[in-house]
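Chains: A, B and C, in written order; residue numbering restarts at 1 for each.
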């Protein structure tokens, strides 16, 4: 990619971050927290997309990584009095370890078998979180508010209940992960991952150990999901089993599909759209997951490239 | 009760579980073997069977009448739903593996939430069609559970007969071996696919009908059978009938033993880790064909 | 002169079929070796084992005196063993540039920094050179599956060139090419052979006769004859293998 094209791509992504930053000053309070939530969840989808969109591996067990980050951050805060930075690091580390161990075992399979194995492991993780009820409080979950020490900036203390901290903390996570994923996508490693997606055997014969690259992709994907999980726990003060459930593994698939598999900004769009759609639907009916089902069917039948995928195919071929 | 009788109880429970699981998992295995797709909504067909059976029990006066009616009507109704899903969705996707998975996940939520809307969120019990107890020296055991095992065995035998003695079964086995070759010899692939998909759904629904007097009918009850079926099919080998049977017993018995001696949750965790062990050692399952 | 590539009793069995049976092959450095034989003789299977696509049932493979029998394919690529597919195996959804960039960047990816951010100009130069040598420079931006079949074959070759081959294995490279393209390919192979060794599976006898320094003939999994192109052309065993069955 030429320097001018590179500048255009980075410019676009930085502009998106800038707009999101500015938005916090104009959004009404209800949307304020929602956008913060969306930003954190879209990092989860971003991680999922690295594995599916760029490496071509579909998993139904990503909630395992999100939950590893969530519990990895939340449990030390609740029981050991960890501060936020330490907890975040701990959460991400847990995600990396879980993803790494899982990958070493599961990457021996591919396609459908990989999908089922990921589902199985994630379900075992979920059941374990319920089994160890005394520690995790299972479905009920742990409330972290009051347990988390406020952050210090210069001389001022900012508590975790502050909306500004929630929003900007979420935005900071999103910005770092968005740009990091972009760098990965444009790097030689990114090129190899896409090649593996397109034709794994050829890639091996052209000099690349595909197992190692798939493992790297899985670990990065898991780390991003765990970062999202850890941040979610810290910013929204809640750690619970529902985030390890199968439905929560299906969400990033749905969000990525909708926004555009294999695009960097797609996950953000998909997450935002579905978040509001489900929010709207749950106002009418308790069967709001019907919307999830219909959305998946519609997408896969008529709109498999998703929003940004279609945009890229029709108008903007340079969109990574 | 001492250890011996406890173990016997666990094995009894495990055997009943194994038979029902074998029927459910066989449906999933046939669909994968012949059509090469994974139906994530398979558990929902099971759930629909159970829910319809519960509705039949309400319609028909006697529990036995309701049961017999459901045993025929529910699989037929669910089979029809499956045919519709195949015709409207799966065919359009040309049975593409990843697309089918996403589509069947969508189907899962649509079916599940439809039941939630029209049937309600409560778990409803259904009276068993026959009630007798078998008195062992240490405990009494529900006679209906034995009936369940017997009917399941019959269903398994019927499916085996279908596969090995009928023309349809021949078509199914041919399509599984080599679809292109089968088509060259005049096997109507699309029609076979539709029938296999419906058959898989009907087996799951029948298992649901059998099980509903033991468990209760609930809109979320499809998940466990789905996961257990996956476990059975992976351990037994995707597409292998014999493997499905053996694996169903392995999983059923270990589930029974761990559930009775420890806890049901732990049983599920054990089963899941069993799968992991198998897949790590043999990615195509214990009996499955090595995919070319 | 020690062989660049040597196989000893190399065999591959699929179920009951002996696809390749106890083959002893030696390729000298710098030569253009043609491997010919009827369909099903085991040529693609043999080179498949050499480049690492297939694991042999028995036998050993040596490259520059070192055993590579169980070496994975990406390690062999690093040693300069490069294979082009008989049935084109390019990255259909990617541009020609991206297709060639993948092998081109391999040597440049040393260390962590170079894996994360590589000066694209370094890669671009190598890609350009490879595309130029096969005559596809103008198509760099085109998506690979938009190319005519013959051009896809040339893209295959460009990808192999970008990988810096020391032993280039070409599996029926002229299949699907027009006359002019075949001549161009022969010139290209001769240029490559100045710095690398070439092992060439071919059915086109004119190409074999004009390019090869030595010819190996296979039939039913074994080598039945070996010699100069002239010797082979007049060999009755070879004629029987192709015609009498």
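One rule holds for everything that comes next: a residue touches a chain if its C-beta (ideal position, glycine included) is under 8 Å from a C-beta of that chain, and two chains touch if they have at least 3 such contacts.
Predicted model only: the values in this text are computed from it and were never measured.
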| item | value |
| --- | --- |
| Reference chain B; chain at largest CA-centroid distance | C |
| By count of C-beta pairs in contact, the leading pair of chains | A-B |
| Approximate Å spacing (C-alpha centroids) for the pair chain B, chain C | 50 |
| Whole-Å separation of chain centres (CA-atom averages), chain A against chain B | 33 |
| Centre-to-centre distance between chain C and chain A (centres being mean Cα positions), rounded to whole Å | 43 |
| Touch list for chain B against partner chain A, complex | 32, 38, 89, 92-93, 97-99, 101-103, 105-114, 116-117, 121, 223, 227, 230-231, 234, 238, 263, 265-266, 268-269, 272-273, 275-276, 279-280, 283-284 |
| For the chain A and chain B complex, residues of the former touching the latter | 58, 105-106, 108-109, 111-113, 115-117, 119-121, 123-124, 127-128, 130-131, 246, 250, 253, 257, 285-290, 292-297, 299-301, 304 |
| Touching residues (chain side chain C, partner chain A) in the complex | 51-53, 72-74, 77-78, 83, 85, 89-94, 98, 101-103, 105-106, 108-109, 114-118, 120, 123, 159, 163 |
| Touch list for chain A against partner chain C, complex | 1-2, 183-184, 186-189, 191-192, 194-195, 198-199, 201-209 |
